[in-house]
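Multiple structures are listed underneath, in structure tokens.
Presented sequentially are two complexes of chain A, the first with chain B as partner and the second with chain C.
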Partner chain A sequence: MDATRPTLAVWKFASCDGCQLTLLDCEDELLTLAGEVEIAHFLEASDEVAPGPYDVSLVEGSITTPDDAERIRHVREVSGTLITIGACATAGGVQALRNFADVREFASLVYASPEYVATLDTSTPISAHVRVDFELQGCPIDRRQLLEVLSAFLMGRKPNISQHPVCFECKRRGNVCVMVAHGTPCLGPITHAGCGAICPAYGRGCYGCFGPSPNWSDGRPNTRGLVPWLDMTPDETERVLSTFNVAAFREEDHELRQPDTRGTDDDPPE
Partner chain B sequence: MTHRNERTLSVGALARVEGEGAMYVRVDGSTVQEVRLDIYEPPRFFEAFLRGRSYTEPPDITARICGICPVAYQMSACRAIEDACGVTVDGSLNDLRRLLYCGEWIESHALHIYLLHAPDFLGYPSAIDLARADRALIERGLRLKKAGNTVMETLGGRAIHPVNVRVGGFYRTPSPTELRPLAETLRHALDDALATVRWAAGLDFPDFSHDHEYLALTTDDRYPLESGTPRTTGGRSFTADGFEHHVVETPVPHSTALHARLTDGALYMTGPLARFSLNRDRLPPIAAQVAADAGLGAECRNPFQSIVVRAVEIVCAVEEALRLISTYRPPERPHVPVPPKAGVGHGVTEAPRGLLYHRYDLDAQGRITIARIVPPTSQNQAAIEDDLRRFVAARLDLDDSALTRACERAIRNYDPCISCSTHFLDLTVDRR
Partner chain C sequence: MAKLMTTGLSALYDALRRAGYTVIGPTVRDGAIVLDELRSADDLPVGWGVTLAPGGYRVRRRDDQAAFGHSAGPQSWKPFLHQPRVKLWEADRVGDGFEVREERPEPPRYAFLGVRPCDLRAIEIQDRVLMGGRHTDSAYAARREGVFIVAVDCTEPGETCFCASMGTGPKSGPGYDLALTELIDDGSPRYVVEVGSEAGSAVLAEVPTEEADEDLQACARAEVAAAAEHMGREMPALGLRDLMAESLDYARWDEVASRCLSCGNCTMVCPTCFCTTVEDTTDLTGEHAERWQLWDSCFDLGFSHLHGGDVRSSPKSRYRQWLTHKLGTWHDQFGSSGCVGCGRCIVWCPVGIDLTEEVAALQAERDQRASGERGAP
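Right after this comes the complex of A and B.
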């Protein structure tokens, strides 16, 4: 043990493992990182677990079981800085679709003996249970953003994570706007940057996997302003907002059903 | 000597597996009474919330079942939906799917061989610790892994949850010029892959074998990835739509995964050992040669040697990827139209961990009324428990901590992906 190196722990709740895999996907940086920090608790990568407390904890996944609701309190107690990584940990993930359905009916459909399955009625983000020091959005998170956040916390500075919507990255990448040029529905204007505007670069509209972008005057994206431009049926609009960040976009979706109080700057295209 | 008739062993949280699980072993005297893999991956209910969604959505949604093998989910989903709609995707579009899948096999197998499995053979708690002793070895593994990720990033936009896959094909297909740098990366990867087989073949393998029926896809001419016909070493053969007639899943109290068996109750196993044993004669030439050099016979029935088979499969995937790039002609359009149609569709492909089955029932508008997903790990769980029962019985002279370590190591042979057990490990050994 090297007492001078900060310790890093990685924790998993309900999730697909993709965000913690992002750490192992830092192929060029992994061994350097392992020299800078002591990876003290990372079950996906090591069976040696050093006792806490840990300087920095990365938490993947959402809270969906009574045991996990207890376990996250323990993780908070043994963590100096707690950073959530990914849509599950920051917004409940795609499994939060249960929040708007009957979870018992879900269990009876998927499992022949649902009584063996312990589950809560909702899938909730980590911040609904304990204090979170930083949330990194994305389904999955972006490797470069993860390295920036880790570097920042290890250096004791604020992470330089843009709060802009995807459009900014899209312009910087030199993409042609898929919505303006081809009429392809795109959630880029209301979605948090970080992916590098991959979807428009591949000729598809952004599908919102990084969650809502907060960088507008009231701290929320102007979903109401965007929707008429999408040229989608209400059913299609609800579905496109109800995927990997359903609980975060749900607020937007709910607002769409209320009388117009915010207005829009532009008229939709004819 | 203390009287020790009964004992229990417990591994509280299995490490170096994807997802979460535990193992419980109960020993009565010299008899192993019970071996259980406890899956405590929280249920996420994909099959339930897919109902009512559009037939265009499963490739993106089911990718989120597993961050390690999202392409497998995308491929099985696409095939099942296209089957329901009566559309066949072939030619260059199918070649591009196979190329993308090669990228995932390279990435996933390199991850398992070097970062999860190698520390077991060489006696280190993690690849990071192993890298302090042999940095060049782990750097080779990371280079291979990166080569696989580069294939996925080029074709899919990103390595985890690629964005470029859709029902009918792709959103955008690459020009031959875009694929050229990929070929250069893969030529270097082929050297690393061949070195991986030679290194893995020189490891020490415990003497252990099983005789489960093996299930894998087979094709007429190529090693199976994105398509094929399910066949078993027991002589069964069926098409994708016969899967549910030949495989039954039952829930067990200790697991959120379901246990699968063949309909006559036979245990079976899917994955690299099964694939290799049923398709050895369809390996491309370099992979076939290096498999022979590594001493692999017609079949491989020692799970500890799965590390060699995975290494051979990396060679196969790199070789295939190079072939696909050299023969690539861009398709006329990035995807074929797939108009919705009421019906039932079945899709099977070879995920890195084994056969992955999807089924969707669609209404006339293309809305999903039933979704069913059977991932490899839940198919293998009963056979893994059976192997562990015999493995433990032969090692009862070990003390609890040595036996626990041996069991954990045995489990990692199967590269269990617990996240995928939509429907995995702590080790407890209870000696009485």
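Right after this comes the complex of A and C.
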């Protein structure tokens, strides 16, 4: 093996580990990858850690604690190229629901002694804290896209990662549109491609796990153009947009960003 | 001289199979009448119809045994000829250089059973785009060569159809090997056949037929003529090219851009849209590279990316590009309209944008401007 192989590190912040496990899921290509890079820091695979700096870092998870806000600066310092992987790292993840509520109230419901929990009011993407060289979308990320990004890094070329909506992949795959032909609500037209249109291929609507596509205008999708055609109540619409990429979907639409006032004393009784 | 097939479509299907064709035709799958390989004539959507609307498509049961009692489905014949993904070449590193291989798998010999007149014209247009001129798309040409086309006149246009306005139907134009007219009688439908080529004649010789008498031919003509009167949509026949050229600064483009999602569905389902992008990939080792051609769309933000940025960054500029090319500058580039009136872009737009409505609105805006100018002192 070449002693001058680039080193790879994998880092975890607030997340479920699903995205970094995608690396282990690269079964057929894993040995090849291990031959091309030195996997120097990957706790899900080995507790043996080689010292930095690292040529490329894959960062999973969002920033939700004061400690992590510091730790990500260290990761940036020891990383040549920093690639964030997944909805938590690129958009704050499902835990960003706290951004639109009171996190102390959540903590008091979950933990017996919430005073021991040191947490921030918000869950924010890595790019809100340090410079990020590339963001890979998905919840979880797509295995082929991860290999494409790593292959591109190794060759010093631009990765082929399209930002257009899922509809492009759906039509190339030959799926019948579930929205038009079945009346199934689908976020495909406003969602970042990358999954290969898996859900519509199995008759389900897209639920937006790759986050908003920046294809329409000013880096956003036309969410408000789609919503009236989803045949959903406002409550259902808010729920479907409030999952893994809640902060990103709300960020791109002012109307959806309004605070949730239901259930408060201001609400008139039904 | 027109003939009448004296047995059902099975005889025709079997004759095509005996002649060595892979038969592609309409069949019910995933809640739609799609085009796919038929394992037998029983796969045809006998007794099925469709209900179409802007942004809406539903299959429905018919109360007869028509096999072609439906209009345009989710996709045209385009994916069989102009494939969504084509590997152009691959290369391996050899010593200090590399070796390029261009392998073209032998394409199937297709028979297309049930090509509607709008789609027949669309194939003719793509032939001109992809095989005319100095640069031929060799992958398309290889798949297109020797395709046997069984056209079927349209006797039941849908709510979003306007082939009569575009002059592409409901009667099949040239380019077919055989053309059928389906006559729905009380029992099994009957098929009047016209021959368009020697290959068509050879296949039909293997199918039981008799001469179609004058009454029957008149009946077939009347069915098709009636269909022309039942188009769900209408496109102004004249002046579209001028309207597209004159309307570039109209307010209507802003209005439609507020509804358009830039999702590209209209271009992907359009039987004439042909744009592609090219992706170069390398594997992890850097020893192997591939170049792929993929369907692309003028609604993709990066489609117009040049040094310095995206030329058509606004959704307005992208919708305008699509419509003005389709209905206007296509004439300058390829000598015809790029629209065949199949209505797929209306049906498969997730938010039901209707190009006939957009054209009507642009016309109204032009008329308003003209009357404003006349009224000015």
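FYI, the second predicted complex is superposed on the first by the 248 of 270 C-alpha atoms of A that agree within 3 Å, B and C clash if a C-alpha of one lies under 4 Å from a C-alpha of the other, contacts with A are read in each partner's own complex, and residues count from 1 in each chain.
Just so we're on the same page, contacts are C-beta pairs under 8 Å (C-beta built on N, C-alpha and C of every residue); 3 or more make two chains touch, one makes a residue touch a chain.
Being a predicted model, the structure only gives us computed values, none of them experimental.
Engineer: Look at where chain B and chain C land on chain A after superposing the complexes, then choose clash or fit.
Structural biologist: Verdict on chain A: chain B and chain C fit.
Engineer: Does chain B (first) or chain C (second) touch A:69, or do both, or does neither?
Structural biologist: A:69: touches no partner chain.
Engineer: Have a look at where A:190 lands relative to chain B and chain C in the superposition and call it first, second, both or neither.
Structural biologist: In the superposed model, A:190 contacts chain C only, not chain B.
Engineer: Given the touch rule stated above, what does A:139 touch, chain B (first), chain C (second), both, or neither?
Structural biologist: Only chain B; A:139 stays clear of chain C.
Engineer: In the overlay, answer first, second, both or neither for which of chain B and chain C A:177 touches.
Structural biologist: second
Engineer: Mind working out whether A:78 is in touch with chain B, chain C, both or neither, as first, second, both or neither?
Structural biologist: In the superposition, A:78 contacts neither chain B nor chain C.
Engineer: Comparing chain C with chain B, which touches more residues belonging to chain A?
Structural biologist: Between chain B and chain C, the winner on chain A residue contacts is B.
Engineer: Going by the contact rule set out at the top, does A:27 touch chain B (first), chain C (second), both, or neither?
Structural biologist: Once the two structures are laid over each other on A, A:27 reaches chain B alone.
Engineer: Output check: A:203 vs chain B and chain C. Expected answer is one of first, second, both, neither. What do you get?
Structural biologist: After superposition on chain A, A:203 lies in contact with both partners, chain B and chain C.
Engineer: Which partner does A:167 reach: the first (chain B), the second (chain C), both, or neither?
Structural biologist: A:167 sits against chain C, while chain B stays out of touch.
Engineer: For A:232, decide between first (touching chain B), second (touching chain C), both and neither.
Structural biologist: neither
Engineer: With both complexes overlaid on chain A, what's the closest CA-to-CA approach of chain B to chain C, in Å?
Structural biologist: The answer for the closest chain B-chain C C-alpha pair is 11 Å.
Engineer: State which residues of chain A lie in both footprints, the one left by chain B and the one left by chain C.
Structural biologist: Dual-contact residues (chain A): 203.
Engineer: Note which residues of chain C are touching chain A in the complex, please.
Structural biologist: Interface residues on the chain C side: 29-32, 34, 55-58, 74-75, 79, 84-85, 257-265, 268-269, 279-286, 294-295, 297, 299-302, 313-315, 347-348, 350-352.
Engineer: Write out the stretch or stretches of chain A touching chain B in their complex.
Structural biologist: 12-22, 24-25, 27-28, 30-31, 34, 39, 42-49, 64-65, 67-68, 93-95, 97-98, 101, 103, 105-107, 109-113, 116-117, 119, 123, 139-140, 195, 198-199, 201-204, 207, 209, 239, 243-244
Engineer: Tell me, which parts of chain B touch chain A in their complex?
Structural biologist: It comes out as residues 13-20, 40-49, 51, 53-54, 57, 60-61, 64-68, 70, 111, 115-116, 119, 125-129, 131, 135, 138-139, 142-143, 145-146, 149, 157-161, 163-164, 166, 170-172, 250-256, 258, 334, 408, 419, 422-423.
Engineer: Considering the complex alone, what residue numbers of chain A touch chain C?
Structural biologist: So the residues of chain A touching chain C come out as 29, 32-33, 35-36, 147-148, 150-152, 154-155, 157, 160, 162-165, 167-168, 171-177, 179-183, 186, 188-190, 203, 214-217, 221-222, 225-226, 228-229.
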